[in-house]
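Listed below are the structures to be examined.
The following pair of complexes shares a single chain, subunit A, combined with subunit B in the former and subunit C in the latter.
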Partner chain A sequence: MITRRDLLKVAGAAAAAGAAPSARVDGAEAPLSLPNLDRNGTEHPDVSSGVADVQQAGSREPLLALTADEHDLLTAIVGRLIPADAGGPGAVEAGAVTYIDRALAGPLSGSREAYRRGLAALERYARSSRGGSFRELAPTDQDSLLIDVETGAATGSGAGFDGSSAVFFALLRAHTWQGTFGDPYYGGNRNFVGWDLIGYPGVRLAVTPDDQRLGQLPPRLRRSAYDNDQFHRA
Partner chain B sequence: MSQTLAPTDVVIVGLGAAGGIAALPLAEAGLEVVGLEAGTRLTRRDFAPDEIRNNIRDWPQAVQKANHEVPTQRPNANAPTTRAASHPMMNGVGGTTLHYWAQSWRLNPWDFTVASETVRRYGRSRLPGGTTVEDWPFGYDELEPYYDKVEWETGVAGRAGNIKGTLDPQGNVFEGPRQRDYPMPPLRGTGFTDLMAAAARGLGWKPFAGPAQINSRTYQDRSPCMYHGFCNRGGCHVDAKNGTSVTTIPRAEKTGRFRVVTRAHVTTIDVDARGRATAVRYVTDGQEFVQPARVILLAAYVYENVRLLLLSRSRAFPKGLSNNHGQVGRHYLSHAQTGSVTALFPFNLNTWYGLPAQGTAVDDFADDNFDHAPLDFIGGGNLWVYSDRRPIGAANMPTFGRAPAWGSAWKAFVREHADRVNTAYLQKTTLPYESNYLDLDPEVKDPLGFPVIRITADYQENERRLNTFIQDRMEQWYRAAGAVQVQRNPLGTMGPTTHAYGGTRMGDNPETNVVNRWGFSHEVPNLGLLGGSVMGTSGARNPTLTLQALAWRTADHLVKNWKSVAD
Partner chain C sequence: MSRSLLVAVLVGVLGPSAWAQAPALTVTSPTLKAGATIPADYTADGRNVSPPLQWSGAPASTKEFAVICDDPDVPMPQPFVHWVIYKIPGTAKGLPENIPIDPATPMPAEIAGAVQGTSGFRRPLYRGPAPPPGKPHHYHFKVYAIDAVLDLRPGLTKAELLEAIQGHVVAEGELVAIYERKPPA
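Right after this comes the complex of A and B.
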């Protein structure tokens, strides 16, 4: 059986050996470098606490990678990227931060340092440019600050972004979208709020001709890929 | 200390689209065959409908040998090199046929005679400067029986447009004549693809359902397609996608004469004093093995075929195996698959499900199906629209200047438009040029210390003009179907791709080609090359069926000429 600790060791060794390619421009993570294991009959690390678990929004799970301060800052940021509003719940309610925290302790461990430095730089930038902690700023100020980060305008501020602040923003956005619209198996898209937002009718293993007609959508199904026992877990 | 294994008749390096095909006719003919595959076996239980794993984390490609060997790239010999984060192909029994789109086209007859037909129809001046394009050593008719063989042995769904010269407008009337229909009817249409087909007919074009190596009904006791939407970079959960891992490979194994060796990391090919290939060296878990064979077939994708030849230096072949004419790595091209067009519609399309092979094609502007006399390029493009979308991809849709990329305004936009966007797949002719080639990177190495491939390639004027022309046609088609806004996506660079060609080109002239018309090296008679690396032109469509037909043909030649090739 492969434990999560083994997984992390392998990933860490690969990163140390320079085998793990760097993050892509689009913010998608570097592929995890694992040895070729025969997947037949092997057990797979369960990095999920269970898809069926429906966590209460706002309650804090034990953090796997982020510090408490990082978690709170990240929560405030993703709450502006996909806010809860009249149009329904957003990234916070979807559990995007839980997704990111788990991923940073596993497949996205190569991005852990980028988060540490990027979040610290963003907070320093908030204090130097807006006169206060990001979490205490008014939403409009938070948004204008995030636009600075997104466009790269925060880069030369002395806040300490690695390269362009736009690179860190792209990473944040990509992971927030994964955590909001990805399979709930990975800790985000809680209560399927992401799929409801875009009208995705859900994972089906068989799709009928009627399901593909114009003018009518099939009924929404709410289940994870791994609610089907037929698949090896990721 | 290396371990030398018992000799075998044939060793195949790489069990993907090409090697997985060749194994069957060889084993059925009574030859003892060993297949060396860098990856492992995957089954339907590995193919969960999981966008994060398949499309975001690039699984199963991410855990593969190939990912440690990503080629470097540069647009020309004076530019600095860059390197992509991941390799587009995967290792595994079945190779990239596990997660490919399975569009299964025959090349157009014109693609075999690009040079002579261009000169004949438009004059020599119309061949773009710097191109090294040659006619294939044979025409479409020579490959037709092998196309037919692969279509029926693996299972291809489609609608014939030309059976022995009789045209059927329900199929592709521009295709070359075929001896009989496909073994299965095409994958079904959807509301959206039907809408697009009607719009194309309204423009006077000839739309049709494209061919797919996917079951539209039960075939060879395997399930029909479930259209569930996760086989774009994922495998099939019901074995309806007819990759070699569920078709030719298991049948070859049943003969008892085909042995699959997984996790075999091939490094070099040995030669003797006569310059004949004698054995393949591979490494598994740090242990080196030597597999002697009388005939060696390289089927390890374009980049790795070229790399293995260039890495196999000897006294007889100081510049790399089969490279005494300096042709290994030359005549490289990669399909202009990029330069797509994305459209926004004012109504929902219901394209949440389906697969990239479930679509509508237009070939009116492909190959030489239209008059190029008044135009400033040769070749053409296949227009392809299909039903395929997953939620993270949907939420990353372009906003067409109508909303920012995040925040409440974005959320309102995507809530309304997530099911109103579609992107066409536009494959265009790419020609080989003197300035586009593969060689070994002087600095970047894989974990074993071997150099990776360096791609030096860029699209030329012919490809850029053609791209604009095809994007114009696609915009016209989308607008005819009701699109209110259209976005043209960039052609980009020629980095590592699933549609790579050349590097060991096939042709009668050993001065300009690595392999002869049968796929065997001009310089090393018992060394065969399988895959897109032998193809000298790309056509305007996916390469898999063509390289599979070529692989079957090479295997057939070997069976019929065993003594002269092997001794």
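Right after this comes the complex of A and C.
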């Protein structure tokens, strides 16, 4: 049997090999907000998210692009895409959402509107199809919903996805992998949990004869590529 | 039209193979009604759990059952497959609602040993109706009674399953229900 986690281990290797953006993330953007929706997905004007939520978030790191509501929803989503389990921490513990937030305020700013609309549509779909906010659903229902988004089955639900819901899912998945398995410099892969998960030792500038011995795993360097002088931070 | 002429016409239209089909199973459901709209909980507009099914009329030689759900109304050459499940014990009288979507979750005791095949969504689980708006689609829940315990791996497609059970189907039946999505307002 292949589990989701096994699949992601394979995918993560590709992400670790260089999927992370190459530019530095800086500069804050105006926070975005999810619509305030009732059980039927009807939008109401008394939105309580935004700057105030960010300021009230307390222990949360300052958000650069996402609103507090978006951050929390995205945290719940990535927690199902790469869940923590007996095999170790998952995307939440890796800080994948921090990576995405920083990236949306910088090199991935072109995707910020897709996140705003996509997350709002996903939340509307959760309420119309499963009767509650995504964050409040049981994990099995969360997984079922994400499968519907992934396969495009949610597209014609009236939730308001732009085109196929599968397109938004692909964006989420790609960025979750990047945030879990990319270089920690970009805000994700906190404490190298992503690299530990897939057994990636980190960037090695030289491979010694000892490293090449059969049956011996290379030492885990636990260093960002930018800890080496050869790599320059853009 | 006389009975003999009617038989002759049907043989000409359907061919002799149609007369060799297996006896009919009666397929029903506590929640699905033949020809009626499928409740939202069994679709992508609801919880998208698998519906309960019941069957009767299986021959004594039945060792296992298999179930396929497909939709022939899609604009594709072949029906779109929503569900493939097989190795259902021959003692089973149906399928309970909400078959697990996680392969690691055990099947309900009454269908222990059952496995799911790969649907058109490329996943080994039930995914209900999610048709494009425009017209009602018909969803065929087909049940096959099989006279052998076949060594079938999990994850078979509909075509692979039908090929594997060929020559072992001793009865079959179906329940057809419909679902339609309305265009966005």
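Methods note: the second predicted complex is superposed on the first by the 168 of 234 C-alpha atoms of A that agree within 3 Å, B and C clash if a C-alpha of one lies under 4 Å from a C-alpha of the other, contacts with A are read in each partner's own complex, and residues count from 1 in each chain.
By definition in this document, a contact is a pair of C-beta atoms (placed from the backbone, for glycine too) under 8 Å apart; a residue touches a chain by one contact, two chains touch by 3 or more.
These numbers come from a predicted model, not from an experiment.
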Between subunit B and subunit C, whom does A:Val193 touch in the aligned arrangement: first, second, both, or neither? neither
Applying the document's definition of touch, where does A:Val203 land relative to subunit B and subunit C: first, second, both, or neither? first
Winner by number of subunit A residues touched, once subunit B and subunit C are compared: B
State whether A:Gly156 touches subunit B only (first), subunit C only (second), both chains, or neither. second
Looking at A:Leu171, would you say it contacts subunit B, subunit C, both, or neither? Reply first, second, both or neither. neither
Partner chain(s) touched by A:Ser129 [first = subunit B, second = subunit C, both, neither]: second
Touching partner for A:Asp143 - first (subunit B), second (subunit C), both, neither: both
By the touch definition at the top of the document, which applies to A:Ala65: first (subunit B), second (subunit C), both, or neither? neither
Which superposed partner A:Ile77 touches (first subunit B, second subunit C, both, neither): neither
Shared subunit A footprint, subunit B vs subunit C, residue numbers 143
Parts of subunit A lying in touch with subunit C, wherever the complex brings them together: 1, 3, 128-130, 140-141, 143-144, 147-148, 151-158
Contact footprint of subunit A on subunit C as seen in their complex: 40, 44-49, 101-104, 121-123, 125, 127, 130-133, 181, 184
Along subunit B, where are the residues that touch subunit A in the complex? 38-53, 56-59, 61-65, 67-68, 70, 83-86, 91, 188, 190-192, 194-195, 226-229, 237, 262-263, 347-354, 387, 391-392, 394-396, 405-408, 410-412, 414-415, 418-419, 447
Interface residues, subunit A side, partner subunit B - complex: 17, 19, 21-24, 28-40, 80-83, 85, 87, 90, 107, 143, 146, 150, 173, 177-178, 180-183, 185-186, 194-195, 197-201, 203-207, 209, 211-217, 225-226, 228, 230-234
